[in-house]
Every structure is written in structure tokens, then in C-alpha cells.
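Encoded as C-alpha cells, here's the structure I'll be asking about.
Going by the order they are written in, the chains are A, B, C and D; count residues from 1 in each one.
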Amino acid sequence: MSGNSFGRLFRVMTWGESHGPALGAVIDGCPPGIPLSEEDIQKDLERRRPGKKLTTARREPDEVRILSGVFEGVTTGTPISLVIFNKDVRSRDYEALKDVYRPGHADRTYEQKYGVRDWRGGGRSSGRETVARVAAGAVARKFLSQEGIRVFAGTVALGDVTCRVHDWEAAAENPLFCPDPEAARAMEKQLQEVRAQGDTLGGIVQVNAVGCPPGLGEPVFDKLDARLAAALMSIGAVKGVEIGAGFASACMLGSENNDTPTADGYASNNAGGVLGGISSGMDLVVRAAVKPIPSIAKEQRTVTRDGKETCLRIGGRHDIAAIPRIVPVCEAMVLITLADFMLHPFPGRRCR
Amino acid sequence: MSGNSFGRLFRVMTWGESHGPALGAVIDGCPPGIPLSEEDIQKDLERRRPGKKLTTARREPDEVRILSGVFEGVTTGTPISLVIFNKDVRSRDYEALKDVYRPGHADRTYEQKYGVRDWRGGGRSSGRETVARVAAGAVARKFLSQEGIRVFAGTVALGDVTCRVHDWEAAAENPLFCPDPEAARAMEKQLQEVRAQGDTLGGIVQVNAVGCPPGLGEPVFDKLDARLAAALMSIGAVKGVEIGAGFASACMLGSENNDTPTADGYASNNAGGVLGGISSGMDLVVRAAVKPIPSIAKEQRTVTRDGKETCLRIGGRHDIAAIPRIVPVCEAMVLITLADFMLHPFPGRRCR
Amino acid sequence: MSGNSFGRLFRVMTWGESHGPALGAVIDGCPPGIPLSEEDIQKDLERRRPGKKLTTARREPDEVRILSGVFEGVTTGTPISLVIFNKDVRSRDYEALKDVYRPGHADRTYEQKYGVRDWRGGGRSSGRETVARVAAGAVARKFLSQEGIRVFAGTVALGDVTCRVHDWEAAAENPLFCPDPEAARAMEKQLQEVRAQGDTLGGIVQVNAVGCPPGLGEPVFDKLDARLAAALMSIGAVKGVEIGAGFASACMLGSENNDTPTADGYASNNAGGVLGGISSGMDLVVRAAVKPIPSIAKEQRTVTRDGKETCLRIGGRHDIAAIPRIVPVCEAMVLITLADFMLHPFPGRRCR
Amino acid sequence: MSGNSFGRLFRVMTWGESHGPALGAVIDGCPPGIPLSEEDIQKDLERRRPGKKLTTARREPDEVRILSGVFEGVTTGTPISLVIFNKDVRSRDYEALKDVYRPGHADRTYEQKYGVRDWRGGGRSSGRETVARVAAGAVARKFLSQEGIRVFAGTVALGDVTCRVHDWEAAAENPLFCPDPEAARAMEKQLQEVRAQGDTLGGIVQVNAVGCPPGLGEPVFDKLDARLAAALMSIGAVKGVEIGAGFASACMLGSENNDTPTADGYASNNAGGVLGGISSGMDLVVRAAVKPIPSIAKEQRTVTRDGKETCLRIGGRHDIAAIPRIVPVCEAMVLITLADFMLHPFPGRRCR
């Protein structure tokens, strides 16, 4: 019952329900002396916000407040408490779902585990929880930027459209964070088609980290890639994680897959920046498979709490895909993971 | 520098180097009163042992000793210390590799992290470390079998051969643990071809767990699938992990991907037994992408410790694929993960 | 930099500074289904509040809000976020202390550790932080009361007045929580004398827990008494902890100190309810030595941030003794420790 | 059931039973590059060994083996596995105690917790477990000595004899580790008297640490003193812990207890080297109250497993006091605690 923290030294705990009074994160272990303001965090929250026509019709004004851990504009080394009060809370929308299990959601598993559940919009299992992760990720980003580490993410597949080009500057230009402008247009078209069908789409998010020093990661169980896998798989909609060549490496020969070491790095990066669980100094490259949003507009068969079969049509305003809102969330989880390892003791690192 | 433990309540720590005097595991948190003998563990170690002609020419006689935690044939609730003394330790085989970095191995990253490295067969980063995981997994299996949980694993792809049939009883019959007898034959043929080329192969391992009660897993960060992802990704050769439909779900529609709830379960299992990070009572289904063994017989380009380019041909006896030896390792990691969650408090579980 | 959590399964994190916008606690791991309201918590906060003439002149209206983890009046198993907004925040009172180190306070050590410090009233090191502990302790109390465990605390010594009687019902009747009514009067008199001298007093707090089942505590390092010692010693003013006969046992003979086992318990309780780190079913009895408040009204010698000698007279309204306000804090720490161990798996416990 | 580890970054796990095949410790997180040999550890084990006529008649030849984590004479950053095989294992001595609970021991509480117990000499609850702590402490000492930190301990009280002189060099000269040569003689005399009576003695151990940089310790729960309290209280025979003036501070005035800050430290050390949970740069001074050994030669009343009253006379060779053997154990726990905090990130520390 206590799995709401991530990280050992840069430790993030999130709390809050979709339709409760507030959500928040507490960061225990952020180094002191880092300039931090609410604006720094707000910027990242904006990237996660819906309201762009493409994927959602909801509008959640997410204003973050820093309640502790910052004094005279810099972090003090004490816990940083961030809170985002919920505003647009219409739980009546969900009253109809009180006694029925939505397909693809955690309604029944939460009830089986806890005996009770907050049925308002999924409660704790809602994607809304990720707003707290993005807020914490923004703090990690401030710390990492001082260390010369930059993390960015984008959509490399949506439905059956896959990027051929990886122009990460272009990714910032379109609402889907897609690094291939042509693919971005095809994705938008597909979103509209699927919306018209009352259905939803999945996709693949890629996160890159540039500037990681060699030496991050703790063999054998807390390997950098093992922690990244946990970080991304802890996001509700993610069903698969791979690093570097990932699943493709399963059908490569050893001679193809090995990255040739050079004096200052490696001639290729099938490893995705990690060897033996330790960062190699090459770019970190991880991808997450995102399942389609389970709340579809079509009627679905399901059962009620007392086990009776029923039909359900989920009303209200829902996203067509977790993408693009999940992109900054994946980014945040990688930021948090790296911030944690940057504080682990290792000979090669800078003192702090 | 302290990432050698896994789990919170059923906590496994492994120690030992490939060519050191011994390897071992300590299990802290195994419930008391469980019958346990060295034979119980030996059985699982045998499944991991090389010596079957297919993939390796080495022979490692792995005899486990229980040094603590068992009294009069049952566990006492105190730490169970398992040790496997190394016998066939010819470190001279490796002396040539003292000053050169093997492609695809962790030689350079360990040296970058720690400043020193045990160059004998990879030291701590060697696949040999997994013998301790399998030993610990055998203890987890004893505990879980009392709870009615059964875990088994097999090879579902090797190189470009993929299983079409999933007959798990057949998997026990062939040395590749392949659930498709026809595919097993094609895999063996491919192994021979690749061996002749001096190259190596990757593949995909699938682990199934049957009999898990609903309620395992801790939202939000310690979701069952997040922990499983970390568990599998912590194995050196694994580059990707997926659960249920996994990466395939990224190009499904919501209406296709949703598993319809029924009175006693779900009509399908795209979720792979986990919803919202909590087990649903359906079979757990996870897959790991295994990269080809980096030690190939072909000559490879690389660099020395002082940065000079060189050519390297790795001699000695090496596996052609991490499969099938990695199969019991994947199984062990799932066993350990489940044993841990079975001890977490949740209303629906049996008292212990 | 990440020591702001306590407990493994019933895990409490506190955050907040003395003169920041708010303080709070997040409880991760509280079992679901426990009735909990803001009033339940407020009751315990009142016991900690100053305002009773004896020891302080300040008045802090501490109103707690539950921001998550409770739905329809019961806990849901998700993190319980508690917040107390600071109201009476006059940081100008402290501006004079910005560049000078108060004797007996953590001003210099915080600065040495973090490089920066929040100088307003001690910031994170202030006794004010304990309001969050008491709030979390109130939640633990609700859980434990369901399990039949009752925890209470009192003042057994103040300055050189020591209790001879231990009438715990009487302790609830006087503002010092003193179980000896006659001693209570002598303590009040001593407080007035010391106040007149511009000085401060220390004392000893005793916490008893009644109704603990045998089996709580995890040998060897997480013994029940080891965790209780950490719990109490983590309170700023506490300089010593003992259990049962404690320091007195150091000059007893074995034949005097041993508690004779009987069919249903023990004939005495020198052990204080713990044998080998595991609760015995007898009452838990722990005591904490509380140092005198370092902020005295007398002038004191000290140094400034740049190392110059100076004299300091601390103005403002300050307590004469950490007692009695620290009494509910000690109680809270024992409550939290016990709640944690009640969730650990052990054969004898009730299922939840 | 998983409390057998101590520390977060320099993490020590111990395992083993009094009369099992072996005991051991695994240290996860020792920095790489530290020279370490079996002799380094053996030296500390010798200090803990009985055989000196004063307190025990047993002789345990404790030979440690390093099974991993050291390569070419230096630590590699991987887990250091230490094992001590038991030799003098005569469990028949204990067969008579199979069904009877020894007063003052953990026989019944272990059985209540686990349902089973290893009745041979206390099994896991035996003082013998501490041999593994001393071995791990020796490794911590090697690391700390590189950082200029020195830890030493001695007996400051035994029965009713208390030291008046604290000459720590003298402490190394007598078998009781007593810093007052005159008191040492009185203690020896008292030991003989008590032995003649068939009884046992308690005492007080003091541990000093010299050379700690300011900044060790993590507020608020993982304060340096809170961790030290847990460290010492986790030793079976310890019933109280205090730091600096400790319990004496409870009856001091604030003006007496405050240590006046000076440019380079403090004019006194009532705080015992810790302010606000963070080391101040002054010597660390902690004391542990040690209860008399419960195994006395006199006949005692007790009960059997099935609740019948009985009389018990414990035969065999037993110590008269946990002192002096417990002195190196207390020392080891302080060493381990400091090694852990030296690895925590803080701005003022050296890079490693």
C-alpha cells in the first residue's frame, strides 16, 4: 500500500485523486542552491495540458504552488512540496459509473485490492495523477540542466503512422510532439478519423537524454535501464518499454548489434546509451508503447459491481489518445530517474 | 553503489563475481515454515546449467549450499544465505582482455563508474551472476507454490524464428524451452548455422504466471507491471519488456484492445493480467527482448584502455545465444517479484 | 538529503518550514476502510498547541485539511495528504538572526550541510515541523485503535522534579500531562521560577503502548526497540532514549533484571515489552530525555556567520520547556512506528 | 520479516545463526579502490573474541573469508561478501532448552512471531550474530580512515563501578576496554564476585568518533543521532542510548546545556557532536546502556512451551557480562552508520 514514491536520493512522492481537492508531489532530496520558481514548473505543466483541439475537449487550468523547500528563490535541500488544486471538478459526470466497471480501466482491480474505490474519474488511477509527476519532473530538469543534461521526448508512432524522420526541433513545433512533420500531418488525420468512429488510438513515445556522464546506474538490480523501464511502465497507459534497438535487437546477429567502441565513444548506439546497466556517455534512447485510451465513445459490454452483464457508453469529454499528453509525462519520469542517479556516489561525478 | 537487492519484503541480494571464489544470494523476508532443501534449489539451477550441446560448450557444476535460515527442513523467517562456490575458474583465459574493451560488454562502463574492474570474465557484470538469481527464485517458487501460484517461461522467438503455437507442456520437452515443437527444430537449425558463421543470436522470452490473486501491485510507482519491467530489464541481455499485448497495443484501436469484463474475469487478456498496476486475476504474461550475445567468434574492432584502436577475436567457449539459459533467469525474476507482492498487505490476501 | 520519511509500509513523509506558507505530511500505506475525518486529526493537534499559559505565549491556530486519500469518510488505501497552512507568520521577528548563530540551535549545521538556510525561526529545523508528525500520528492512532492498541504519553520528569506516582488518568487532567498530581504542581512552580530567571528546562517523557500483540519488530536491525529509538531520537530536543528499565538495567544483576516468564506473560516488565527486538505482549514502555529549550531570554555569547564573536539576546515569545508540547509528538512517533510494524507480515497477526 | 540490513548507501546485511554452518555479512555500497584484506577484518574480530579469562570460558576461532567485492587487493564497488564458518558447534548443549523459554531471552517472542525457532543457542537472536557486524564494521573503518575519521569505544561503567577518568589510550591496554585504569581494576574484581554468585552484570559503553566533517545526517527523520540510536539499540543487550549530555541534559538549565559557538567550533560539547540531527564537527559522543546477560548460573523460574511452570538452571559456558565483547560491536555500528552518511550527497564533502 505504499508505492507512491520513486527514486532513492532524489525521491518523488505523488498524492491526490482525479476529483479530490488537490494533487501534489513532494520531492525529498533535491540538492540545495538550485534556482526554482513556480514559473519554471508551470512551463512544463502547460505542455501536458489539454485544450489543444486535437486530442481533448477538456480544459484543466493547472496552477502549481510551491509550499516548501524554496527560500529566497533557491532550493534549500529540504522537501519541496508542490500542490495543484483541482478546479474543474464535476464528479456528477461520473456518478453513473459508481457501480459499473469500465473496460480497460482499473475500477475492479482497485476495488479488489482495497475494498473501496473513489469512482470519480478513476480516482487515484486516473491519468490526472501524472500532473504531479510533470511538476516534479520540472524540478529535476532544473537540477539536471545545471549538470549539462537535457531530456526531450516525442511521438514516434500513433496508430499505424510511424515516423521516418527524427527531427527533434520539429517535434517542438507541432501539438503531437512528432519529430517527423509529414508523419505529424498523417497522425492528425488519423486522430480525426478515429474520433469520428468513436474509437481511440495508441502509439509510441521516445525519450532521449543528451549529456549524461558515463557511470550512471547501479548494477545489478538498479541498472539504469531497469530503473528507466520501471519509471516508464509505472505510467498507466504504458504496456511496453525498450532501450536502444530494443525488441529489434532480438532478431539481430551479434555482429550487427554490437556497437564498436571508439576512443571517445561508440560507432553506433544500438545499446541506447547503457552497457551493463551503466550509462556509456552516448545518448540515452528509450521508447514506451502506449495503449489506446480505454474510454471510447462506442457502446461496450461489461459487468456491474454485483456481477451482472450490462452495456456501457462512456459520455463526457475524453481524449482520443494518451498521446500527446503522455509525452511530457514520459519525459518527466526520465528526468526524475536521471536526477536520482546523478546523486548516487560515483567516482567520476562532480561534487555536490 | 548499492543496487544489488531486489524487492521490499521478500528481499533478494546477490553477490559474487564470475571468477571469484563464490557467488551467492541472501533472501531476507522469506516467510517461516516453508519446507526447503538444497535439492529444491538444485533442481532450478540444473535448468539454467549449460552443457546441453546446443548453446554452449562450458560446463559449470553449480552446487548450492544453504548456510542459514533453514532449521529442521523448514524456513525460520531469518535470512536464507545461499552460496555456490566457483570451480571451473580459469582466469588466465581472460588475461588477454585485461586492457581491451570487448564490444557490447560492460568493460568500459564499469571502469568509468568504479575506476577499477575485475576483468576476469566480466566480473560482476557476467551472466554468471544470474546463477544466484535462479537460486533465490527457487526459494520464491516454494513459497508461491503454497499460495497456488505457478510461474513458467519459454522461448517464443529466436533470431527470426517465431513460435506460432504456445503449448507450454511441450516447452518442457525441448532444450530451448520452446512452446512450439516445430519452431524449436527451426531454432536449433538456426543456432547451428549462426555458430558456423561465428556469430550469435537474440530472441524473445515469455513468462506466464498462473494463479495470482487479484490485488498484487502497488500504485502508482510500484505497479506490478513496473516492478516486472524492472525485474526483467535488470537482466544484462534484456533490452525490452512488454506486458500482455505490449508494443502491439500501440497500433490497436481502443475497441480492439479493451478486455471485456465478465462476472468472473475478462473475455480476453490484452492487458496481460494487470490493470492500473494491480493484478486482475488473469494470467500474467510478460515478454523480454534478449539481445544477441556480444562475445562473437568473429574478429571485431575495438579500443584498448588507453584509447588505441585494435582488433579483437574472443576465444574460449561461449554461448551462441543467451537463450535458453536466460529463460530460467527471467522466470526467477518474475518469481521473486511475485513473492514480494504476496507479502504486501492487502485486504484480499491470506494471512501469514 | 532525503531523510524526511519514516516507516516502510505505513510511511510518513513530512515537509514544510516554520515560516513557509504551510507544513504537511503525506501518509503512504494507511490501510483502506478506516473512518477518518479532519476532526479526528484536529483533536490531536489541539493537544500539541501552545496557548496554555504555562509554557508559551504564542498562539498557533493549526487547522488541518485532508487533501487526498479519504473518500466518503473512509481511507481508500491511497496517500493521505495533510496540510496545515501557517497563519501567524511574522518573519521580521527573525530578521535579526539572519547572520548570527543561535546557541543550541541547528543554524550553523544546516548552513554547513546545505550552503543555504531558511533563517526564519529555524526553518525546517524548527519544532514547528512536529505539527505534521502529530497530524500523521492521529491517522496512525485511528488505525491502531481498530487493532486494540492504545498509546499514551506523559511527563515523568521536568527539571529536577520526578514523578513518584504513575496515574495515567491523572495525566490527562493537567496541562503538563504529568501522571503524578503532586509532582505536576511542583513542576508548574519550577517552570515559573525558571521563567523568571530567563532560563529554560528539560525533562523526561514516557510513552506507553497497551495492547500490542506479540510479534511486532523485525530482527536484527529493525528491532522494535531500535525503530522506537530512532523514532524518538528524531525529535529535535531528544538526547536520549531508553526502553523498560533502560539505563537502570546497566547496574542491575541478571537475576534482578530478568523478567520471569509466566503462562500468559511475564511477572515483571524490565524489558519494557520487547525481547530480542520483538514485542512480547507486555506494555511497551519507552522514555525520552528532552533537553532544555535553547532559546533562553538571557544574553548569550555566540558567533556571526563570518566568525566574529558577538552577544545575543533572543527576543520574542518562546517556550520555557519543550514539555508539554513535545509529549504528543513523542506519542505520535510511537503511534507511527507501531502502525508500520502492524502492517509487516507475521503469522500471528490479523489479516488486512 | 526483512530487517536484516542497515544503511542506505553503505548497506550492511547480516545472516546466520549461532549454531548454523556459518554467519556472514554482505556490504553493498562500499566505495571502490579501498585496500582491503582478510587480515584487516580479522584484527577487529580478535577484539570481539572471547577467551580472555575475565568474561567467558568459550573460545570461538572466528576466521573470516572475503568471497567477493575485492580484486587485486582493493574493493571494486561490488558487494563484499564476508563469511565466518562456525566451528565449535555443539548443539546438544542446547537440546535441553528446546521446549523451555529462557528468562530474558527471545525464545518465546521468536516463536510467537515466526511459529518456529532455532533453539540452538538462541539461533538468530544470539549475540553470536554480532560477529558479522564487527566484520562489516572493519570494512567501514577502512573507508572512514581514508576520510580522516577515527572511531573508538570503551567501557565507562560496569555494574556499579563508573569511570572517573577518560583516558582512551589506557582503554586499549586492559581487557575491559576501560578508559580509567583504577576503575578497570574495580570492575575486574566485581566481575569475579558476581561470577562467584552465579549472577551477571550490565554496564555502559561509550563510543567516540573523531574527525567527522560537519554536515553528516539527514533531517528530519534520518538525523545522525536518530540513526546512531537505532544502530546501537539494534544490539540485543542494549536498552538505552544517549548522545552528548544525554539523560543528564534533562535536568540542566538551558543556559548550562547550550554549547557556546566559537569561530572554529563550540566551547563545550553537551550536544555530543550533533545539532539538529547534523554533525557539527565536534567529537561524536554516544553511550549505550547494556543489560546484564540473561543466562545466569542460578536457578530461575520460567515456563515451558506448553505453558507449564518449571525451574531452569542454564549450564554450559557463558559470559558474565556482555561487556567487553559488546564494545567492538557498538564501535562497529557507529562505524557503519558514519560510513553510510559519508556517502550521502552534501555540498561540503569530498568527491567520490
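Please note the rule applied: a residue touches a chain if its C-beta (ideal position, glycine included) is under 8 Å from a C-beta of that chain, and two chains touch if they have at least 3 such contacts.
Composition by chain, UniProt nomenclature: A, B, C, D = Chorismate synthase.
Predicted, not measured: the structure shown is a model, and the values here were computed from it.
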Pair with more cross-chain C-beta pairs in contact, given B-C and C-D: C-D
Centre-to-centre distance between chain D and chain B (centres being mean Cα positions), rounded to whole Å: 38
Chain centre separation in whole Å, for chain C relative to chain B (CA means): 46
Between chain C and chain D, centroid-to-centroid distance (C-alpha), Å: 26
Touching two or more other chains - residue numbers and ranges from chain A: 1-5, 8-9, 14, 31-33, 78, 113-115, 124, 219, 343-345, 347
Graph class of chain-chain contacts, one of line, ring, star, complete, other: complete
Residues of chain B touching chain A in the complex: 1-6, 14, 101, 103-106, 108-110, 112-115, 124-125, 129, 157, 159-160, 194, 197, 199-204, 214-215, 217-223, 225-234, 236, 239-247, 249-264, 270-272, 274-281, 289-296, 298, 300-303, 307-309, 344-348
Contact set on chain A toward chain C in their complex: 1-5, 8-11, 13-17, 20-24, 26, 28-33, 65, 67-69, 71-72, 74, 76-81, 83, 113-118, 123-124, 343
Chain B partner contacts - residues on chain C that touch it in the complex: 8-9, 31-33, 78, 219, 343-347, 349-352
